[in-house]
Amino acid sequence: MTVNQTSVSLDDAQRVIAAGQAKADEIESPSNIAVVDAGGNLVAHVRMDGAWIASIDISINKAFTARALDISTEDLAADAGPGGQFYGIHASNGGRIMIFAGGVPLRRNGQVVGAVGVSGGTGEQDKTVAEAAVVAI
Amino acid sequence: MTVNQTSVSLDDAQRVIAAGQAKADEIESPSNIAVVDAGGNLVAHVRMDGAWIASIDISINKAFTARALDISTEDLAADAGPGGQFYGIHASNGGRIMIFAGGVPLRRNGQVVGAVGVSGGTGEQDKTVAEAAVVAI
Amino acid sequence: MTVNQTSVSLDDAQRVIAAGQAKADEIESPSNIAVVDAGGNLVAHVRMDGAWIASIDISINKAFTARALDISTEDLAADAGPGGQFYGIHASNGGRIMIFAGGVPLRRNGQVVGAVGVSGGTGEQDKTVAEAAVVAI
Amino acid sequence: MTVNQTSVSLDDAQRVIAAGQAKADEIESPSNIAVVDAGGNLVAHVRMDGAWIASIDISINKAFTARALDISTEDLAADAGPGGQFYGIHASNGGRIMIFAGGVPLRRNGQVVGAVGVSGGTGEQDKTVAEAAVVAI
């Protein structure tokens, strides 16, 4: 029995990032935008001029989280706060699990093939950019 | 005076994991399942097809936690949230302490001999799989 | 353009590990044996009774290395020592790059689909076990 | 007294990366290519289709090293081996110092403004790609 995993190419990743950048420009929220493949490994990253340095790591790890748990980091947040069923998950995976909005899985025909992570603005802004990015897959 | 530590063999670990896999199949919750020995060190691990990548680390560290503190991670959660007597413990041990359900000690004649850790579903699902696993010791 | 990556199932991983265990028993070299998928992420691990604790990490990271660079760790060693073109690579990837024998890529139709890592004996023994394991893919 | 630091924009980084990609395509060495700014912080990264997973980290850290020490990683290698005046430097900076070819500073009017890091082939190939990339600044 063979396992076939559809993943993202560099072309896919750059198209997704470009769509995110366009939205980030539009809402004036300079962002870090990262795309990981089906294995959770980085395919491409950009830091727009003026975007935060800390957001390099955060964008990459939001993308990792969204693929590693097949969930948006905003939805994960709902279960990851005090009293939630996954409270403490942010300490796992060597600190790579991000539990605030901006990471969204990339899907093709319903299957998760990677994820995008955005960091640079408010949670609402990061989510807006990420959601504009994923439609470009 | 000699210290004798009863621990788990690879056979024990694989029997425990198989019992967990059967339950995970039954409740349709593809899981990572890990067993550690009396020293808290990994004996065996499986990632069922389709289970989350982030859960590799989480399952191994739920097992570590359950042995390292001789408590289920669900019970630990009760003391590890804001205001609890162990609040902040998830930052210790290099991020290896998991404070949500799915890690359960393995006992023989009342003595803890290792632990199992399960990650892949909701807290309730992970707990269900772990509890089905431990009875196989 | 879609990227399709063939990977390993848990069944694949357990068959590979079983073949490795049989060889390890035969040459009396209790081993840790780990299999990673195409993304470099752990699928399964066993520590045979009496195998070294340090070899848990080493086996998992030999497998990671063999997939992350599509090379056997023995072949990598030739370039990773003092004066070699990759000297210092063992410090990259958070210390996960293992540069001694025992990690071997798993291939199907010439494509790398994952890797096995073995640790527990001499370099020669680990290599022998790993090479017996990979043929079971 | 004011410190003015000339650095690289995202446009600069993407132009440098594109030049590197063109050379990598030409010499058939699928590469990870990363650019850091004057602060040593990532501006952009691409992993070309088929390039090694381990090279994500290595490319980013070759770029970091080349800026953090204002030297090519190939030149650093000459001093970083056993007996060299900087032997052991690869263990500093949390494992981020890469001491093999492929990291090259980016200069404007003689001043270092960032760096590029390439990983994916032999030391010679990585160096060739990096040197093709830096001229695009």
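Think of it as A, B, C and D in the order they're written, each chain with its own count starting at 1.
The rule we apply is simple: a residue touches a chain if its C-beta (ideal position, glycine included) is under 8 Å from a C-beta of that chain, and two chains touch if they have at least 3 such contacts.
These figures come from a predicted structure and were not determined experimentally.
Between the contact lists of chain C and chain D, the overlap consists of A. Contact count check for B-C and A-B (C-beta pairs in contact): higher for A-B. Our note on geometry: chain A versus chain B, Cα centroid distance of 29 Å, whole angstroms.
Chain B and chain C have Cα centroids separated by 25 Å.
Among the residues of chain B, those in touch with two or more other chains are 49, 53. Of all possible chain pairs, those that touch are A-B, A-C, A-D, B-C, C-D. Touching chain C in their complex are the following residues of chain B: 9-10, 13-14, 39, 41-49, 53, 56.
In the complex of the two chains, the chain D residues touching chain C come out as 49, 52-55, 57-58, 61, 77, 80-82, 90-91, 95, 97-101, 122-124.
Residues 3, 39-40, 65, 67-70, 82-83, 85-89, 91-95, 97 of chain C are the ones that touch chain D when the two sit in their complex. By the touch criterion stated above, chain A contacts chain C in their complex at residues 1-9, 11-12, 37-41, 94, 108.
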